[in-house]
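Think of it as A, B, C, D, E and F in the order they're written, each chain with its own count starting at 1.
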Amino acid sequence: MTALDPVILFFLFGLTAGLLRSELKLPAALYESLSVFLLLAIGLKGGQGLATQPLAPLIPQIGAVILLGAAQTLIGFVVLRSMGRFSRADAAATAAHYGSVSVATFAVAVAWLGARHIDFEPQMSILLAIMEILAILVGIVLARGVSRDTDWRALGHEAFLGKGVTLLLGGMAIGWAAGPEGLAPVKGLFFDLFKGVLALFLLEMGLIVSRQVGELKRRGIFLIAFGLGMPLLSALLGLGTGLLLDLSVGGLTLLATLAASASYIAVPAAMRIAVPEANPAISLAGALGVTFPFNILVGIPLYHGLAMQLAGTAP
Amino acid sequence: MTLPTEKRTLLTIITEAIVEPTLLRDLDRLGVRGYTVSDARGRGSRGVRDAAWDEAANIRIEVICPRPLAEEVLRHLQARYYANYAMVTFLAEIEVLRPEKF
Amino acid sequence: MTALDPVILFFLFGLTAGLLRSELKLPAALYESLSVFLLLAIGLKGGQGLATQPLAPLIPQIGAVILLGAAQTLIGFVVLRSMGRFSRADAAATAAHYGSVSVATFAVAVAWLGARHIDFEPQMSILLAIMEILAILVGIVLARGVSRDTDWRALGHEAFLGKGVTLLLGGMAIGWAAGPEGLAPVKGLFFDLFKGVLALFLLEMGLIVSRQVGELKRRGIFLIAFGLGMPLLSALLGLGTGLLLDLSVGGLTLLATLAASASYIAVPAAMRIAVPEANPAISLAGALGVTFPFNILVGIPLYHGLAMQLAGTAP
Amino acid sequence: MTALDPVILFFLFGLTAGLLRSELKLPAALYESLSVFLLLAIGLKGGQGLATQPLAPLIPQIGAVILLGAAQTLIGFVVLRSMGRFSRADAAATAAHYGSVSVATFAVAVAWLGARHIDFEPQMSILLAIMEILAILVGIVLARGVSRDTDWRALGHEAFLGKGVTLLLGGMAIGWAAGPEGLAPVKGLFFDLFKGVLALFLLEMGLIVSRQVGELKRRGIFLIAFGLGMPLLSALLGLGTGLLLDLSVGGLTLLATLAASASYIAVPAAMRIAVPEANPAISLAGALGVTFPFNILVGIPLYHGLAMQLAGTAP
Amino acid sequence: MTLPTEKRTLLTIITEAIVEPTLLRDLDRLGVRGYTVSDARGRGSRGVRDAAWDEAANIRIEVICPRPLAEEVLRHLQARYYANYAMVTFLAEIEVLRPEKF
Amino acid sequence: MTLPTEKRTLLTIITEAIVEPTLLRDLDRLGVRGYTVSDARGRGSRGVRDAAWDEAANIRIEVICPRPLAEEVLRHLQARYYANYAMVTFLAEIEVLRPEKF
């Protein structure tokens, strides 16, 4: 009944242009700038929300999503090893992608909820950062085992001081320190333009996703099945966790979306260095070529529907 | 009057942008005195890398050094990177003016 | 009486800085990003207009501008061959520039009309895309003749899937699918910032135009005369076509501007590949060095004045 | 009592991320684009202010800041030569940095005053441009002496047609020609987004400042002392000059800030070419590593407090 | 122990950015196994190309291959591009480690 | 049939981005017929230059010319830039097709 969100239309446009082999190409610096903007904006929004409420309830929530992320990564690993017959390295790297989160998917869900005036807990951005950090650590441990000579300092640096996590946490710290009033002067840039910037970003995402098609064809049906099944399972785990944490319908939807989403920026980069024998094309084809479009086109409304039923507020 | 140049080896490495920090750290450790990096894209046995985003970007590293050090670096790259990364390397003979610098 | 539009002032600033050999230089990625923005915004605006009206009247209009564009290209070709003694390749390539359209000129005209609250038909952006596509095809045919081994597939790809046409058509499709309400969330970026972005873009255009002066000096008076005369003639053809199509005063002005404008992005790139023996410096010096400044400084108000007289609504 | 401005928080975030060696890095094209934007916006604001008032009082003001800038540069030179035992080249280059101005510092001061609804004279942007031009000339003369073969044309080109000065003067000319009403269509970009853009810019500034720490450690205490003492002294000179010119409290604050600030863009570039034997790392470590943070964190409120006392309007 | 390197030819092409897609397709067709592209600007007989916008931008393509293939590519470029495009090409002798790759 | 190539010298200069305009003017004055410039970053005796902003960016200039001219340019660079600027230069032997062009 409701028309497609324009941000989704931008994604479909990019995808179509890419599949038709149009010469359309955004400058790399624009893509990077848009992603800096989105990470900061999400951090700022979360941070300013936190400024207006007590931080204590955060502690159990953080603990819960750490368990959630770890569980997802382990389940993914087992499925990929046993059913997909992936090598240990490939299974660990791919599982780490799915145990982590996609900021673009999160942003689309935030925009989707915003368009429907559905509130959610501000700490969702913190949980986003935590799941991103965690999955990198778990993925590396899965691939390597924990040996004596694990360089934990380098690992921690990789996980906590990567570009995405830095921008999210920094944005959150600023938002928290400034509060909603303090942020008013920069609202014109970071909040009012959020959806437009997200739309442009998704145009580029569509172009990038269109390049995964070749790899998907090569890998066949298992990767597609995993790319669809894993987010569904993860969303259910996310909804379960959210119910235990007593989240609102918006919070449930977002936690399900976070769980269902798969990283395609921070984790690939970290895995490429930490587990070099894993083939990055496989994980990316799954996370970007299947799971990302599934989540933004089908997943988010679905998870929201389930969240309403579980919260007993079905319309 | 011809210039008093001396021979050195130019080692060029073309590889994935993602390994830049790690690789530069390795070069430091191996005793390289300097290097130059620029951005690139390309195609090879691991497919097209068109630099549309970080994952698909290449870099091009140049190191001027004595031949033995160039070979040591190459041996290290062969052991540590060749199997798992998109990487191409080559050596060329060049002449420099300040041999003590390289 | 009315002050100069700020977008024009930005153009003059860029031009002056370039002529004085200032060190001012915008990053190439910024220029590219601004042009992506303008093409998308024009497409979106056109598309959302189309969403609110029947598409049937479009068909005769499309047919008419195809004839208009083809006529302009042919006239240009004949003039350049006979009076300018251009080689066949140079004449064809330059004529293709003038048969096509300049998106920047169109954007300035849209801003000019907007500042005066003059409405126009939303399908003008479609006509823009059509004229851009067409001139590439006609230009190539003029230069090559249609031989057996014309690679029509490559040609069509070149014409329909170039960056500019892709963005225009994609923006239009999104605008049409979302409609004015659907676009509301991205309005803050694409519509509210339109004039500011156009101003920055024209600053860079001024810098680029300033570099054409050397070539103009070398080529002498004929190129300047052609660069002034061709748009005037084309504008009259455009006005005539617009009257037949029963366009509003705003629509007449825009169609005259489209006809008068000469491409300096899509067509040069296409001609460089398809007609390599043509000297690109000549066409660019004419289109950018003479016709573009003439149109935005003098042409648009002039065409609007003529449009009002022809429509019998002179003030 | 008042919370920190968000722009300052962005600076502190960048500084912290840099000191922790985060992988955060903004694309170079973004940094350049943001600085183009800020220079234009400051020029436009100043220019539109000038459009509404007579230009005659400008003449003594321009004369006064020329003397102010020259005095600062000379004092800096003498101090650096005698107390710092700098080489003639290093002393001249560093003094030129301090005799000039920092546009980022000026922008933070403008935002700071704006947030407190404190008015100031629009010609401050002109004085900014003048001080920037002058310090380059004085610095070169100090380093070189004025010999027969001074290439005054090249020098003038360097000083007047550098990127920053061109954008400031061009923006001012546009703002002046268009006036506040004329600028309305581009207000959405250049004025409404000003603080957000400034915040992003300061994030990058924080990253850049964090890299000066190594050099500061190497140079020791004198450079830090100079980097703190020189702006304080300059601010007093600026306040004195402002009182003579009968500026408002806002104008006094801005002139003190201008005097106190040290260039880190235009002057380093000019000195690198004109005085190559000066070590650029020293001047930058002082101007960026000490003076810039000092001015935006401590200086601006301090200078404003002094301005109020001197103007006899202490709250 | 010195490394078992083998000689190959490095063909470098500097030309207009606008021909990148066409030229790379030509290279594919001629049997080249890989290439590296980076952005450049410059000056030559066709004037200054300062990369301020696409029309005035250059690219720099490098191809490592056996000498005969390098010459074949050069012959193709000479026939198809030299007359009408800003283009400079040159050959250099280099050494590579995995001769089967090039 | 082998191609009728001729030998020339390729002079590569890696230096601070800030000197680009001055240096290119010098090259013109010395009679160089063309050059190619690309952006770079790197490390050397003057520390890390990571191109995060203009002050810390490098460029890489290539000049194809006859050996004597290359040496003349080098001598000029040595006299005018070596002491005060981050700069590395080297010469390589290359082959070109159109000797009259360089």
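Just so we're on the same page, a residue touches a chain if its C-beta (ideal position, glycine included) is under 8 Å from a C-beta of that chain, and two chains touch if they have at least 3 such contacts.
Bear in mind that the values here come from a model prediction, so they are computed numbers and not experimental data.
Peer 1: Return the chains shared as contacts by chain C and chain D, ordered by label.
Peer 2: A
Peer 1: Which chain lies the greatest distance away from chain B when centres are computed from Cα atoms alone?
Peer 2: Ranked by distance of C-alpha centres from chain B, the top chain is C.
Peer 1: Just grab the chain with the largest centre-to-centre distance to chain A, centres being mean Cα coordinates.
Peer 2: Between chain A and every other chain, the largest centroid distance is to F.
Peer 1: Check the residue numbers that chain B and chain F use where they touch, and answer same if over half are used by both copies, otherwise different.
Peer 2: different
Peer 1: For chain A and chain C, let me know how many angstrom lie between their CA-based centres, rounded off.
Peer 2: 41
Peer 1: Can you tell me which residues of chain B touch two or more of the remaining chains?
Peer 2: 38-39, 92-93
Peer 1: For chain C, write out the residues touching at least two other chains, lowest number first.
Peer 2: In chain C, 23, 25, 27-29, 32, 193 touch at least two other chains.
Peer 1: Can you name every chain pair that touches?
Peer 2: The list of touching pairs comes to A-B, A-C, A-D, B-E, B-F, C-D, C-E, D-F, E-F.
Peer 1: In the complex of these two chains, what residues of chain C are touching chain A?
Peer 2: By the definition above, chain C touches chain A via 27-29, 32-33, 36, 40, 157, 161-163, 166-167, 170, 173-174, 177-179, 182-183, 185-190, 193.
Peer 1: Enumerate the contact residues on chain D facing chain F in the complex.
Peer 2: 25, 28, 31-32, 204, 207-208, 211, 265, 268-269, 272-273, 276-277, 280-281, 284
Peer 1: Flag every residue of chain D that touches chain A in the complex, lowest number first.
Peer 2: Within the complex, chain D contacts chain A at residues 3-7, 9-10, 13, 16-17, 20-30, 111, 115, 192-193, 195-197, 199-200.
Peer 1: In their shared complex, at which residues does chain B touch chain E?
Peer 2: Within the complex, chain B touches chain E at residues 14, 38-45, 58, 60, 71, 74-75, 78, 82, 88-93.
Peer 1: Within the complex, which stretch of chain B touches chain F?
Peer 2: Residues 2-3, 5, 8, 10, 24, 33-39, 64, 92-98, 101 of chain B touch chain F in their complex.
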